[in-house]
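Lettered A, B, C, D, E and F in written order, each chain numbered from 1.
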Amino acid sequence: MTPPGWRIAILNPNTTRAFTDRLGALGSALAAPGTTVIARSPASGPASIECHADEAAALPGLLRLVREEEALGTAAYVIACFGDTGLDAAREIATGPVIGMTEAALFAAAMVAPYFSVITLPPRTILQADRVLRHTGLAHRCRIRAIDVAVDDCVGMDPALLHAMLAEARRAMTEDRAEAIILGCAGLSGLVGPMTQSLGVPVIEGVTVALKMAEGLVAAGLRTSKSCTYAAPPRTEATA
Amino acid sequence: MTPPGWRIAILNPNTTRAFTDRLGALGSALAAPGTTVIARSPASGPASIECHADEAAALPGLLRLVREEEALGTAAYVIACFGDTGLDAAREIATGPVIGMTEAALFAAAMVAPYFSVITLPPRTILQADRVLRHTGLAHRCRIRAIDVAVDDCVGMDPALLHAMLAEARRAMTEDRAEAIILGCAGLSGLVGPMTQSLGVPVIEGVTVALKMAEGLVAAGLRTSKSCTYAAPPRTEATA
Amino acid sequence: MTPPGWRIAILNPNTTRAFTDRLGALGSALAAPGTTVIARSPASGPASIECHADEAAALPGLLRLVREEEALGTAAYVIACFGDTGLDAAREIATGPVIGMTEAALFAAAMVAPYFSVITLPPRTILQADRVLRHTGLAHRCRIRAIDVAVDDCVGMDPALLHAMLAEARRAMTEDRAEAIILGCAGLSGLVGPMTQSLGVPVIEGVTVALKMAEGLVAAGLRTSKSCTYAAPPRTEATA
Amino acid sequence: MTPPGWRIAILNPNTTRAFTDRLGALGSALAAPGTTVIARSPASGPASIECHADEAAALPGLLRLVREEEALGTAAYVIACFGDTGLDAAREIATGPVIGMTEAALFAAAMVAPYFSVITLPPRTILQADRVLRHTGLAHRCRIRAIDVAVDDCVGMDPALLHAMLAEARRAMTEDRAEAIILGCAGLSGLVGPMTQSLGVPVIEGVTVALKMAEGLVAAGLRTSKSCTYAAPPRTEATA
Amino acid sequence: MTPPGWRIAILNPNTTRAFTDRLGALGSALAAPGTTVIARSPASGPASIECHADEAAALPGLLRLVREEEALGTAAYVIACFGDTGLDAAREIATGPVIGMTEAALFAAAMVAPYFSVITLPPRTILQADRVLRHTGLAHRCRIRAIDVAVDDCVGMDPALLHAMLAEARRAMTEDRAEAIILGCAGLSGLVGPMTQSLGVPVIEGVTVALKMAEGLVAAGLRTSKSCTYAAPPRTEATA
Amino acid sequence: MTPPGWRIAILNPNTTRAFTDRLGALGSALAAPGTTVIARSPASGPASIECHADEAAALPGLLRLVREEEALGTAAYVIACFGDTGLDAAREIATGPVIGMTEAALFAAAMVAPYFSVITLPPRTILQADRVLRHTGLAHRCRIRAIDVAVDDCVGMDPALLHAMLAEARRAMTEDRAEAIILGCAGLSGLVGPMTQSLGVPVIEGVTVALKMAEGLVAAGLRTSKSCTYAAPPRTEATA
């Protein structure tokens, strides 16, 4: 039933090409028939989002991408950064749905497990994840944990990363009674397979589920509400 | 990318054939390429779910459907009753994801609007919807309202129903600052079009979005966590 | 002041006669002058409630008991299963108060201690207890723990059960700062004495306090509100 | 089964004899066989509790009563003031259970209705009731309302009081969807009958249900936890 | 005791000079002896913050100001925009305290009244205020309201603005039982006097109380915690 | 800008002169130019506040101090006891702001760190701190811990106290991810220096920040709202 020509954009707020390419490959592999999934990153901005200042620096470039995509008639967007950088602002500019990878991961987890944990990185970004968690309201079913690794260090996907993630996930399963694990960084998608195999519980990667939810909302005919909060910004292009 | 042969079952806990047929038509129209969507209802049980006693009476038949479907290799399920009757028990029996139309509607609303309201019926079922709302945690962004109509009376879809729903939705938009409206009954799918047109905000029908989320979770390779709460019941067939 | 002839029914949702007999003895020993307490279990259904599917299977039989008791003019009911199986549906059918052992235990604990913990079993039923806890709102003062024992294994009351419960209770007292302990299964009433003696804090058994609260509400002239949610079901007997 | 000789004290924190006498009569009428219920008020202190400063002024006298009653072997206490004045301090001094009329009313309401409202007086005491409500955790099911009448003015029980309470209760039933009403003052017990008759929903008087819960906890062998928070105060008699 | 030379910067995220000048005058009038208060706005960016996209556009300029001020040894900062734009990022860059006018207003209100309401503008910014409110946790004591006026329209301070604010404040006092009113925009400081006089309850202006709290934290020797979340950003200057 | 003659009273609810003197010295050292800070304690009452009964015993004397200070035109008050004894009653009597050291410490912590912990003493007072924490709403960002020391034992400030506080603070930093530490007793102000030095995170002393916030609210022209809850008590002097 999916009509031809839906374009869905995965927006990587950082400028590391390797991440964006990986997201593009992931998106193409997951795209439903009739959906074109592309991944983009801003022309300039921070190489990774390690803190709030990085988020702020990434925002103008990220929103410029949304404006460009709107001109192309893009049907929906995925924000591919844990913490859902710029989600509200992007919803003001976009017509179709904009899905944050964090909220999507939380909602997906809530549909396959009663209790679950996020493992994010680095520890200083727990607040960003926590704000999304509070906004979704799932804090009574989810605990956020972190390993002491920088986002930058996820590019290479070395074995120590898998090892640290597995150790923390096992602590979550014992101490938090987590029955599913959310990967708290867009750079961790390569760990879904090995972690699922080792842990025996659902391991949830946010970009993946955000993309499928974006397709689903589009197919259901839903778009961002424009009645108040997410109405188009009064200024056509904000001056940065 | 969707492989052929995924079967998704929409489970209507009541025995009113007209409802089930309507759900089947809805499901077929919405099914992604490669997905077969069927709608089923129990052989016996209440004609509609108007209260908790009806839910209890519907449960054995509903779970029997899940057991039958599991034998067919069904990939995912949608519980098509506002209040998500039997969701936890179905998850114990099923291997794939089981999505409640209430939770799916709440999650979808949360991705297109900051604040939203449910309009359910009859008023005595508000508690059922409220329990799902509390479990999702979105109570700080959602208010539940009701119109004084029985579920049974939704079969005919007479104009008074649309009128009452529109009036209550407008109250929600003014008094609750709702920016999206959730239809609180599986029998109301016919109202999505006219209500969207009249109100100018997203009108969310739970079976529709639950079905798309079910497809999405399956495509993402996710299944119900079996590590503890939703492990297969110790008894193969409970004696009713 | 208690008038003669009040009949209060303890409803055991499972069909294990040994449990029901124990509940009957407990009830008779506790009954206030002028109160007749009887314990009943359904004619058919699961032998114990170990999961949500068991709850679903037990419900029709449980509600049939309520209908039979109503014909006898029963004044109040106690649901003797941790998780308060079928509480809302029973309230629709009953005229007098229906008290869940879980809610009663939580309320009693809240009146003798600022913080307390539940120790339930098996771990997969934590969700059931958690839903009651959330509905009572006492989650900020109570933590739910579990030991890895099946309900079925409580019939015999072997020493290992007491040992495991004591060990978990001591962890609750240290880690949760619990100042009272709630026994999270109707089959554990025999542990109140030894656990109270060992721990030195109130050990609360839900059926006991639910029965006394049921008597109290009846004496206070209170009955289940019939104005909306708990009004009599529209159908006299649901078809199962 | 109730052994002879249990003495339960209803403690009226104010010094208005007419209130105390009414509470004594209420208690005697409600007392279970084998329970002696007496009502007492402090020798000196405010004539009514209209604000926090009145609470503070009433506390030393109230606690002196608890010390005197402990010497008599009193089994349990009811604090007969909406807002549960001095509850925590009394629990430190007492050995048996101490029940606040506010918490008892909230718990009783929660067992007969899903949603309910408090109608207290005067409006400035809403904060006192709200603090108890937050501590019980039932705020998601209960709203607090007030009529503009002083506690002092409840002694006479004139018809205008009933009229004002009924009007506010009807607003609660419509606007809050309240299915039970809690009377928010110990001086309102005379309204239970006429309000129940007019409204058709349970009308809950806190002293009544607190007394029955006190009897119930005593019969169940429960006492105030002395392991930490409510341990006996280090000083035998505080110097006021 | 205040040492000479403390510099506190009020940061106006928008570029409207009239606003910044007014904030500078306000700050100078309020500054404690020994405190120099200056107000600054970015060199470029949106003329007012009417939505999330405006916030995003304002952020790079705002953070540049913090970096410049840090070089001058500035002791503390006030973010003068309701919604506390860029607060977390600014805290990463700053050494001293950074206070948002929204959080400060909420905390001040909580110390002079049990319940209070925010009146912000325009309605689409309610979400921004709500996120701060949720983070402070005061949602159980505060309701957010809005009048339908753009921030831009506050420059002139015409009488209609005062009239609309007073009308909404009176609704808050009646419907929310608000006992204090928070002005939800940095452009409304001129209304404190007339509104206080008309309403007879505390009217709280966020920049004012944020400035006094900033002075207070500095005098108390407190600075932003640098142990994890607010540690200096790994990149010295993010590339925008 | 601070006008001459503002008098701010630090009220120590206990009668230990050494504590009061220390608070007076602290207040004088911290006072802004133009502010006179004095510390007072009741003529009679408990020597320290170790439990709720001590609070009750301290209240009449505490409120008498407020009445005396009001006659002197005192501009604001600080309640110098963790748990904020008598805060609401004092607000009824006072005209200017009354600040509790607990609420002030929580608000200050919330402005310099995302997550923080309280370390109070003795453990039985956790409930008192918890009630303030719940009323401020910051429980999602703060955990309360306790060391097993009596308030009385803080007079001497022996090294074991510092050692115990440091050990518990380190556990808070690891287990709770606390990024700031609140000292949970007015007798601990001497530990701010050594603990800050050892821990490297903000260590917050409540009397200090309450005093600065009191000065700030006074300078901002704010006083306690008198519109309802905190209106002057109907009785001029309550009879104790």
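Criterion: a residue touches a chain if its C-beta (ideal position, glycine included) is under 8 Å from a C-beta of that chain, and two chains touch if they have at least 3 such contacts.
Note that this is a predicted model, so its numbers are computed, not measured.
With contact taken as defined at the outset, chain B and chain D are each touched by C, E.
Taking A-C and C-D together, the pair of chains sharing more C-beta contacts is C-D.
Repeated interface, listed pairs B-D, A-F or C-D, reference E-F: C-D, with more than half of the contact pairs matching by residue number. Centres computed as Cα averages put chain A at a distance of 26 Å from chain B. Averaging C-alpha coordinates per chain places the centre of chain B 43 Å away from that of chain E. Per-chain CA centroids place chain D at a distance of 30 Å from chain F.
Residue numbers of chain B whose C-beta contacts span two or more other chains: 114-115, 123, 126-127, 134-135, 139-140, 177, 228-230. Chain pairs that touch one another, listed by label: A-B, A-C, A-E, A-F, B-C, B-D, B-E, C-D, C-F, D-E, D-F, E-F.
Residues of chain C touching chain A in their complex: 123, 126-127, 130, 134, 139.
Within the complex, the chain D residues that touch chain C are 1-2, 29-34, 97, 99, 103-104, 107-108, 110-115, 135-141, 173, 177, 179-180, 192, 200-202, 204-205, 208-209, 212-213, 215-217, 219-225, 227-230.
Within the complex formed with chain E, the chain B residues making contact are 114-115, 140, 177.
Residues 15, 44-46, 50-63, 86, 88-89, 91-93, 123-124, 126-127, 131, 134-135, 150, 228-231, 233-235, 238-240 of chain F touch chain D in their complex.
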